[in-house]
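Next up: some structures, all given as structure tokens.
Shared between the two complexes below is subunit A, which has subunit B as its partner in the first and subunit C in the second.
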Partner chain A sequence: MSAETWIEACGTDDIEEEDVIRFDHGDRTFAIYRTDKGDFYASDGYCTHEKFHLSNGLVMGSVIECPKHNGRFDIPTGAAKRAPVCVDLATYPVKVENGKVFIRI
Partner chain B sequence: MAANAGKRNYSLTGPEGKRAEARGLVAAEWYQTPIPRPRMKELMKRRDGPAIRDTIIWLGGLAVLGYLGFLAWGTWWAVPVFLAYGILYATPADSRWHECGHGTAFKTPWMNEVVYQIASFMMLRSGTPWRWSHARHHTDTFIVGRDPEILTERPPVWKVLFLEVLHLYGGPKELKRFVLHAFGRLDREEKEYIPASERRKTFLEARIYVLILLGLVAACILTKSVLPAMYVFLPSFYGSVIVILYAVTQHLGLYEDVLDHRLNTRTMYLNPVLRFLYWNMNYHIEHHMFPMVPYHQLPKLHEEMKHDCPKPASGLLPALREVVGALRKQRRDPAYVIVKPLPDTANPYMHGVPNAPNLQWQSS
Partner chain C sequence: MNDYGMVIVGAGEAGVRAALELRSRGWNGSVTLIGDEAHAPYERPPLSKRVLCEPEEPAPPTIADPPKLGELGIAFLSGDGAVRIDRQSHVVRLASGREVPYERLLLATGASPRKLAVQGNAAGEMLYLRKFGDALALRDRLRPGKRVAVIGGGFIGLEVAAGAVTNGCEVTLIEAAPRILMRGVPEPIAERVERRHREAGVAFRIGGGIASVDRAGDELTVALADGTAVRCDAIVTGIGAVPETSLAADSGLEIENGVKANERLQTSDPDIYAAGDCCSFPHPLYDGRRIRLEAWRNAQDQGTHAAGNLLGDEASYAAVPWFWSDQYDQTLQVSGLADADQKIVRRDLGEQGQLYFHLAADGRLMSASGMGPEGAVAKEIRLAERLIESRARPSVEALSDPGRKLKELLRS
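Let's look at the complex of A and B:
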């Protein structure tokens, strides 16, 4: 049996389109996104450049910009897109069921 | 007396950086004025229009003044015309470098990058190293031993400030760095904040800058005139007066080693012409607290925040008077800082900040 489990993160209505919220689970923090196309994604909550919450950042289409230094990541893949971000962001599988967003961690 | 009395070592490779780390001041959580998320999203929204308009006005102005300078060359009229050209060259180049470095001026990423690279060269700043230097400045604003962009230490080094009126302190330093980078090397301090993955890009940029400068020297030799350099390179020096006047107002005379931009950063009101040149960076507390808000939204951000901030200086001259007064006092008492009272509607300084340094307030 896999150690990975699906965790309920939020309701689909908790996030506006083109936005992000913070989700804390245990001692970890995640960012849950809803892109301009209405798709949901999840990643680590902190920027890989320095420890700032991405949930305070700006979602533009399918890109998240860190609120502190304006580094950017591609939300679906976590790929670093703009300095000072150099390291990709860890992403997590997401499923939506009955109006709830689940992430697998 | 404030806690940090006496002369300190401002080097990034000295002991102060470790001391700041031990005090919890490195990459720390800073105070932020609470602003509802929907409003912040509106303020952070990117647009191309304002920056395209402003860039056309800027470059168009340079073209007109440059043509007038060509016509006036050899007469005394060339002096005021090139002074105006130099100020219009260097002042917006500095602010465009800054805003495009943050990636907030334009919505379209390549536009930010193109203007950033051009403005970096115009200011004789290595594009990639300065991007990293500025990122550190935002992480650890005015934290001694961490921030590479502290203009002058305490007590102030007046020589540096006066030389910068003609960019004669920073300019030669940057030219030396171009050469160093062109040979594939970084200086000791740069190694502290430029990651290894960015070094190749740094060296490539420097080689391009050096080639352009060599081309400029060749143009001057071929035309037997300094005129080509009056358009590129020399304006970075003779046009720098407003750049340094703006720069000294940003943080000098205020606190070091705090985690609240209201204590170490200054906002001032400016007229529309000076704000155009500066791209609204006179709203400097606002910019530092929320760096993802583009320049054209900073006046609106200021309206959202002013209930929580000290009263801004009423203009450039009052702000300069305040800075010079504080620097003069710091000559005798390096611990002296200006502490501005907050309005009744504001949260106290460093409200809710974990690891907030314990400061003893000293009235100005």
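Let's look at the complex of A and C:
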């Protein structure tokens, strides 16, 4: 597979507003978000602090909070926002077409 | 750098978070972080969890490395404890004789394991867990086939028991109270925890005190008050912690179940604040009841909050208390403070676990606790925490119905 491919992650209806789901592809795992404004984003699945999946976290506006230790990231940029996380989260481009959410990885 | 700056005594979670916050808030004066341990500041939660079980010799998981502290201009004085505060001249004296002047001071001295007063020639051999060095010593004793007696059925005792049995030890957990997790965890969750431990092979001796601990040759014997005995190779004691208040007390600060602070975390000396396990404070969400929390997130949040107040915020601290414990494949989380006489409402998440909500007489949600595989429980407890924070009065019907989303209750 080439380094940059658009992959279908889910349907737009699979995620409620202000929520997040898990998406696994090959041996990689991602978190797909829908913010309070209805925008879709994607990031690596695991928190950068300890290996805990962010799909179990809480979306608040455009911020994701890891449920394990409450570290926070800005969803659009992946920027670490609150201790204990200090390493930014990798994010991926997202496009929505025909009710489907695609991410480029 | 000026001579008088911000000084923090204690380089644990609360102290380090305060130091980092001072810098992220733009404080340009000096920041001095004083720690009595030789290590770089480290996270304590893994000490009772993976540090005991990892096959490789573990390194302490650091909160901030000395190079990072250096970059931020935080002077980190390690391996040198504070022994005296001269409040008149605003100086902290260290064990080495060094003197550190302060403009404002934060006490984040933490807590120490409560010692078990017991008869017998092996009383001095009981192991306690607080520091990284304790965890390494303990890990060394939790070898496959060893018989381990764990005294105390609180979070620490149970996590050590889980780690020991995972390592292949033969584990007996001794709890003097009528059940494990008496403090702050509802009975149905305590029962689930106990069941999970029994499945893993932990034996329980519940409801009887300890008469003595003795060594004869290679063998230790814990004699119980009921006349029976537990024979073992190591004894680990986890019966709670006592706040480290001696520095504050010797310096004439008020003490009340910890370094006594007001709702702004300010002690009886207006230039000295307290945060973390050592600090007792009145909690606005719980009718101003004076509490002291021994919890990782509280240490973090209070350290950060206190830093703002050192800089003049004068803000009250009102975060909802939150505790968590990992045992085997299960996570246990509690937010808020429960009272024994409150109504308990259960929400059944099926394979995802169980949640219990505590309601006050007026219907206000005061506490929520949950146990299950990592995942759903964490998310639900976090939502419950926001309900507690907003002083919500959710209906019993809504709370008990897993089809009703807590997120929607929050919006209503």
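Following the convention adopted for this analysis, the second predicted complex is superposed on the first by the 103 of 105 C-alpha atoms of A that agree within 3 Å, B and C clash if a C-alpha of one lies under 4 Å from a C-alpha of the other, contacts with A are read in each partner's own complex, and residues count from 1 in each chain.
Note that in this section a residue touches a chain if its C-beta (ideal position, glycine included) is under 8 Å from a C-beta of that chain, and two chains touch if they have at least 3 such contacts.
From a predicted model like this one, the values you see are computed outputs, not experimental measurements.
Asker: Is A:P84 contacted by the first partner subunit B, the second partner subunit C, both or neither?
Answerer: Both partners.
Asker: Between subunit B and subunit C, which makes contact with more of the residues in subunit A?
Answerer: Partner with more touched residues of subunit A: B.
Asker: Identify the partner contact of A:E65: answer first if only subunit B is touched, second if only subunit C is, both if each is, neither if none is.
Answerer: The answer is both, since A:E65 touches subunit B and subunit C.
Asker: May I ask you to decide whether A:V96 touches subunit B, subunit C, both, or neither, giving the answer as first, second, both or neither?
Answerer: In the superposition, A:V96 contacts neither subunit B nor subunit C.
Asker: In the overlaid three-chain picture, which partner chain does A:K51 touch, first (subunit B) or second (subunit C), both, or neither?
Answerer: It touches subunit B, and subunit C stays clear.
Asker: Enumerate the residues of subunit A that count as touching subunit B in its complex and touching subunit C in the other.
Answerer: 56-58, 65, 67-70, 83-84
Asker: In the complex, go through subunit A and note every residue touching subunit B.
Answerer: The contact residues of subunit A facing subunit B are 19, 49-51, 56-58, 60, 65-70, 72, 82-84, 86.
Asker: Spell out the residues on subunit C that touch subunit A in their complex, using ranges where they run on.
Answerer: Going by the criterion above, the answer is residues 17, 20, 43, 63, 296-297, 300, 304, 322, 324, 374-376, 378-379, 381-383, 407.
Asker: Which of the residues in subunit A end up touching subunit C in this complex?
Answerer: Residues 18, 52-53, 56-58, 65, 67-70, 83-84.
Asker: Give every residue of subunit B touching subunit A within the complex, in rising order.
Answerer: 27, 40-41, 44, 46, 102-104, 107, 109, 128, 131-132, 135, 138-139, 195, 197-198, 290-292
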